[in-house]
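What follows is a group of structures, each given as structure tokens.
In the two assemblies presented below, chain A is common to both, partnered first by chain B and then by chain C.
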Partner chain A sequence: MRIAHNAIFLCGMVLSLGMTMATAQNAGTSSGYPTPKGDFTPAEQRGHGLYLRYCFECHGVAGDGEGDTAPFIDPKPRNFTLAVFKCRSTPTGTLPLDKDLEDTIERGIVHSNMPSWRPLRQEDRADLVAYIKTFSARWKTEKPGEPIKIPAEPAVTADRIKDGQAVFKRVECWKCHGVEGRANGPSADTLTDDQGRPIKPFNFHDSDRFKCGSTDQDMYRDFMTGLDGTPMPSFADNIKPDEAWDLVFYLRTLQPPASVNKKEKEIAKQLGLKPINPNAPAQSDSNQQQNNQPQSK
Partner chain B sequence: MKTRYKLAGMLTALLLVVVGIFSLSSNVSAAGEGKITGTVKLTGTPPHAKTIDMSKDPVCQKAHAGDPAKVETVVAGADGGLANVVVYISEGYSGGATAATNPVSIDQKGCMYQPHVVAVDVNQPMKVVNSDQTTHNIHPLPAPGAGNTGWNKSQPPGSAPFDVTWKAEEIAIPVKCNIHPWMHGYIAVVKGPYGTSDDKGSYTIDNVPPGSYTLTAWQEDLGKQTAKVTVAAGKPGTADFTFKAK
Partner chain C sequence: MQTKLQRSAVASCLLTVVAVLGCLLATSTRSEAIPAFARKYGLPCSACHEAWPKLNSFGQNFKDNGYQLMNERDSPIWLNPSYWPAAMRITPHWHYESAGRQPVDAVPGDPTSGSIEKTINTSGFDLTGIDILTAGTLAKNISFLLVPSIDPGDGTVGFESANVRLDNIKGSTWFNVKFGKAELDLPLSEKRMMTFSNVGGAYQLYHFMPVGEPFDESFFSFGENQVGVELMGHSLDDHTRYAFSFMSSTNGELGLSQGRTYDYYLHLSQGFMAGKLGLQRIGIFGLSGFRPTFFQTNGGDPLPGTGQGNRSFYRAGVYGSLYIGKFDLTAVYQRSQDNVFIANGVGANLGGGALPVGAQGPEWNTGTFEAHYTYSPRLFFIGRYELVRMARQVLATDPSDLGDTDVFTIGYRYYPFMHSRAGFAWHQEFATLRSRKTSPVNGLDQRTSSYFMGFDFAF
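Now for the complex of A and B:
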């Protein structure tokens, strides 16, 4: 009887050991996620597991932005097979840096269904980026662009805010964003993204937060890189660094009061800043040039 | 001894000059002589070209005061000549890019693209101009995976023109302006010599080496047609195309 018990116990041990080993072999990685097919790197494999846990419901198993929830979401989830990304530190038409994508995952995209994935570990976000890059051949044939340079932020002054408003008028931000930045410019209603889907311009009075980050530096970068895939173009050829800072300060005056724009709002109030009149003749260029001299600030 | 060296040197120099002249002249005859000409016609009733309402931008509207601009999807002349058709060699040309360095240009003028269809060789510079006193954003949308990448640049009034090139053959890349939703155009990126039909439907393809080719004519709405053509030294090839209105 005792021998029989021992035999059963031994058999059980052997069986469970065998099963554990088999499971460990199947898992492939220590994370316990299923082993993906193909010739993925370890980072891509780990990213694949994370993707199937956190991302595929919106972005789709194929990465095409056609997940089960996609029909109910606006703006639509990113289609990774196109390798076109809004939030980049690189010029329009170029691939973003890995860091840009990691930042987007960490930050999330406000005013959309993309949540912040700050609870994930930094390594996890890096693995997800490695996996997302397997969806498009562009990552094999092209290199990310050279990141644009953001010079040190100058101090905000009344002159800078006035000049920023002149830039807003000159490069015609108001055509889409409206003369007061209320997203009601003459072209606002007809805007479409690269897939032809309707898209709205940003209403500066709605929020002090932006899709690609909410700091002054993030705003500066948005003008220079454009948001690829959307109607927002790059102004890198047409706005000088100094003018871009002026524009940042002016746009801050339009946003709801918050700690980030306290000073700008105060100056705008003192100035009694009125919305632009696009039909009025442009301010004299020489005057504007003068104001753009750094020493005049 | 010295004279022998001198003689050898002179002979070598002479040889080099002769070879040089030969290679030059053969280049000229290969690239310069051949030509393909023809006309593109439209049969049937041309579609009604709708008038474009530009009232949302007074600058655009003013540019067409008294003569509103029309949609340019199919542009046919009085004698049936079909404009904006790109004719290019789709088979038989092995010369690679023509190394054309003369910049072609696309001008945003009167809030329309001029020309409406621009053809350009792979890697040939294409100049982007804004002649209007209004801001345009120029936004080409290449097909994913075709080898070209899209971008989106703003050109406020008075902006300097800029050059771009395209890496891969693509017939054709749509281009649009998000600010002016009626603005549509095409950039046809071809490999080798090409021509574009004018408002009489005539086209000319220069710099075609002698040989037998298949030509393709592309129209944005009516699709593609092909024709065979032979170009002999000193004798241009001709090929006419007829598209049927939808």
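Now for the complex of A and C:
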């Protein structure tokens, strides 16, 4: 009798398993997931599965940034159908390299809901990028831009920090980021992204990391490439490489103390560095530093 | 005759253990799949779970970071004030239980009619315990987990977990301190177990006790949450992990009902990428503890907290987790030993002369092989085989294979939908256990089987 019972239950499990598998096999239609396209490459096919595991809730099944969670997220998830990306090594207006997208997935984006997916395998991140690229025809008609060149980082000096502050004033970073880099400039409340949604400038006092990385090189790259889709433009045509490094060093002084900006913070303290005065002539700003120690670049 | 009586007694002990395990399973052994996190971060269950409640590498990293994604949005000040970090989980189910070779009176109601053995079958609809899962961050790098658990039978509330954790001390992932009642950092988490039935819903690895040991809930069960402090650390990618726990010798019971000793647990593991196969992991773990063998008494009644004559026990093992694409297999080997006074329920103050003839400290080996196949985030298969082999019995006069146990469990879970608000799974499972020579009347093998079908949901 006991054996009969066990047999019945095992048979029942097998039968219902069959039904379940059939349902799961057909999940493409029953769940609203798009059925994978027949012309997917193996990487895209694998990326499709990973996307449905990790990404669709925010970025949407169609990759349009309209996932179920999107209404509750600020900033909004990326719309992959536009193929416009903030974090790139390529000039503004161009497509990023695959590695740029893989790096973003690995790093995550601070002050957003996009976490770091470092625990995924590198192959998984590459497959995800392959799948994300299927959402826009741009990837079929355009090539990624040529990565910008990042010159060797010079040594940080007091003069460079002061010059960086002058660049900060001259190219009007303060209008959005505020005179102290606290994201409270006069334009801050009016900013919108390319899709007309409100967007906030970066507050340098919040973190020692940036949206597109945490190193000096990452910040330099941001100036030169801009963050496409946001009001942050590329300054490649406005500032020279040397000036960009000066700006990097100055902005480091605004960030919370950390190992990466220890020297910049010390120099700023020695200089008695004060926030810029947007209304003052350029010369008076540099004159206000009372305790500067002249150093050559 | 004496041997038969002894056997009957020890088999009864074993059956009591199985019965109590069943009760534990029916109340609060499962807990940690927490939709509150999914809601907080807007991620689907599948982001952190291979299939909930089993964590994937991303979920493990999230847990090790103190329930933080480390994207500067972890502190509750970033959340909508109406967000309440709580979720609930319960599993209405139908189950069938078959217990073979149980002693029953030959004539029901007449204890003088003699004992015979009978297979007892029962089935019906039932509920698991209700877990209220509250967890998250109190501030950046200070996290908590509080899990009140309600017994569906009598409505009593117990605290499955209650701990606070200081994360990333000095900015280092290598230093995290958890304080309170929490699950040990085990090779196979019993709180995230994928099987629920009375037979298959607990690891022999953690719960097995040799035939003859006096069962006491305050004795040690690895899988139960313990009260103490844990120092834990991990590399950024979570490949290298360590955990050291220091806990009261109470098996997670509150109120200091035992003595004044502590247990120690250490777990080291290293993960490594094996090309396209994925993340593999190997590790070692070990626990050593003490339990009192007698208490001060008043009028013959033991006084709680006065345990003395502490004697030791240990559990130690190695394991490996192998991932091959969607297939994974974890194999654990564990060696266990209990002191002779603990095993025979004899106070150490009475000396060795009080021990039964042939008394000895039991030793046993446990092997666990648990395999999963993740067909998709929505369909998950489970298979497990556990074997326990006695190396040394409680009494030298017992057969060498008395109590040797084999447990085979198969099942699957189907998740009809996957999003960030709630979780729902259809669960089916069959498990069968054979224990050698434990039938009380004839000393034959006993077999216990369970079938479990239910709807597991959390919201």
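Criterion: the second predicted complex is superposed on the first by the 249 of 297 C-alpha atoms of A that agree within 3 Å, B and C clash if a C-alpha of one lies under 4 Å from a C-alpha of the other, contacts with A are read in each partner's own complex, and residues count from 1 in each chain.
Everything below uses one rule, namely that a residue touches a chain if its C-beta (ideal position, glycine included) is under 8 Å from a C-beta of that chain, and two chains touch if they have at least 3 such contacts.
Computed from a predicted structure; not experimentally measured.
In the superposition on chain A, contact of A:57 is made with chain C only, not with chain B. Legend: residue contacts after superposition of the two complexes on their common chain; A:154 is shown touching neither chain B nor chain C.
Of the two partner chains placed by the overlay, only chain B lies in contact with A:238; chain C stays clear of it. Residue contacts after overlaying the shared chain place A:187 against chain B, while chain C stays out of touching range. In the superposed three-chain model, the partner touching more residues of chain A is C, compared with the other of chain B and chain C.
Once the two complexes are overlaid on the shared chain, A:145 sits clear of chain B and of chain C alike. Of the two partner chains, neither chain B nor chain C is touched by A:275. Residues of chain A that touch chain B in their complex: 81-82, 84, 91-94, 136-138, 142, 170-172, 175-176, 186-187, 190-192, 194, 226, 228, 230-238, 279.
By the touch criterion given at the top, residues 56-58, 134-135, 137-139, 141, 144-145, 149-156, 159-160, 162, 178-181 of chain B touch chain A in their complex. On the chain C side of its complex with chain A, the touching residues are 41-44, 46-47, 56-58, 60-61, 69-73, 80, 96, 98, 100, 119, 121, 236-238, 273, 276, 278-279, 375-379, 410-412, 414, 416-421, 426, 428, 430, 432, 449, 451. Within the complex formed with chain C, the residues of chain A that make contact are 1-2, 5-6, 9-10, 13, 16-17, 20-21, 23-24, 27, 31, 49, 52-54, 56-58, 67-69, 72-73, 108-121, 123, 206-207, 209.
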